[in-house]
Amino acid sequence: MSDDGFRPSLDPREVPEPIRLGIVVLIADCAAAIDGGQLERWPDYFTAKCIYRIISRSEFEKGRPIGFLYCDNRDMLGDRVRAMRSANVFQPHVYRHVLGAPRILGQRAGAFEVETSYIVIRTAIPEGAMMVFSAGRYLDEVVLEAGAPRLRSRTVITDSDSIDMLLVLPI
Amino acid sequence: MSDDGFRPSLDPREVPEPIRLGIVVLIADCAAAIDGGQLERWPDYFTAKCIYRIISRSEFEKGRPIGFLYCDNRDMLGDRVRAMRSANVFQPHVYRHVLGAPRILGQRAGAFEVETSYIVIRTAIPEGAMMVFSAGRYLDEVVLEAGAPRLRSRTVITDSDSIDMLLVLPI
Amino acid sequence: MSDDGFRPSLDPREVPEPIRLGIVVLIADCAAAIDGGQLERWPDYFTAKCIYRIISRSEFEKGRPIGFLYCDNRDMLGDRVRAMRSANVFQPHVYRHVLGAPRILGQRAGAFEVETSYIVIRTAIPEGAMMVFSAGRYLDEVVLEAGAPRLRSRTVITDSDSIDMLLVLPI
């Protein structure tokens, strides 16, 4: 446990309601696309130029930019999804995200900074064994594109230092 | 993992605020009634003519209507609760639901279609062993009855193909 | 499982929006301060005169006031955090709370009564082993202090009868 930069939420009165509701929907839909197996739709929740990375808490706290995974544009996210679909080491698992309330921390460079705690339960198919696959938080930058909220960057910060990346599914 | 029909949320501006708030309360209260052991109140969250079923994801995707459990009216839900209360194979367990944000997907036949991810942690009493009992999602039809939101149908779609139904508690 | 006093939510139309949003932020930030390792900021979410206790469900149902832990003012919370920081039996673990939607149950003696289900996942550092550390609910009294929501009391009701209190982290 360490002080890794907890930041309190903005006063909710400072965030316009459509923005607040739009952020909740963006983050919930993005997780539901993964859990529902619609991986091809997952990159749609990002801007064309974007960052998506998965990094452990301890690496993040040391200021290291690169973790388990680093993508710096939406096409790379699509590539990753296609790689997963064609992988012959494919493991039959499904994910279930349960997310806490998105916390809007501030605004920077035209984006809302949003933090959301997550737990992912992985279920093996067909045996049905369930395990906590990952716990951690999303640190997101959300922008509006033609009025629709999109992720300009998502940093998935895992509480654990290790992660089973064979599965290739995004978190 | 398969494409089992992920659907994005409605634009939140299309859902009147009282409806949106009422749905959140309905779904949270329904889970809290179970977790709080007030099973007799759980059927109150359904309409008199209703569907409640529990089905695995893989059966649901195959289009099968019947899963682990199927009830087609509120009285059957009450019967089920009474059966549970009187079962002498009763296992001393409690449940804890943690739910994601309800996602309002659309409107059909006078109802709002709502999907909510869930995790249920089961705790054995008094030993205290905890396990992930079920992970999955609710697919609900919510209608207004005299202004109060009620479940016209709830399909509990479990990520796992197997489930310990001995416990008899609703999910 | 027993009838431990499930109470339904207030009609959301009876709760002014700034109060409702403020309660969500208070409860989410309070958990995030713990998970982010900023324990020294955790007492700030309480009033100077406050109650914080952790009690098992079965003890709570028997009406016992004292459980695993009982603090009756904010300074005691600070003492507890300092004790944890200096403990040489410190175990390298991090917590991750995932909370359900706060349910506003009523008003009493100038406070809003709020119940929130929680799951805490504990991750061992650096091995990364994850376990469900605790599941249960918060029963809170929230007051406004100079317009800011604060906890006048928090009762953490654990589903399990036993808890590993060596870790000393608040739940």
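Here the chain labels run A, B and C in written order, and each chain numbers its own residues starting at 1.
Going forward, a residue touches a chain if its C-beta (ideal position, glycine included) is under 8 Å from a C-beta of that chain, and two chains touch if they have at least 3 such contacts.
What you see is a predicted model, and the numbers here were worked out from it, not measured in a lab.
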Rotation angle (°) superposing Cα atoms of chain B on chain C, nearest 5: 120
Numbering shared by both copies at the chain B-chain A contact, with half separating same from different: different
Length of the line joining the C-alpha centres of chain A and chain B, rounded to whole Å: 26
Per-residue multi-chain contacts in chain C, two or more chains: 98-99, 101, 119, 132
Residues of chain B defined as touching chain A within the complex: 1-6, 8-9, 11-13, 57-58, 98-101, 103, 115, 117-119, 132, 135-137, 159-163
Chain C residues touching chain A - in the complex, by the definition given at the top: 18, 21-22, 24-25, 28-29, 31-33, 35-38, 41, 92-99, 101, 119, 121, 123, 125-128, 130-132, 169
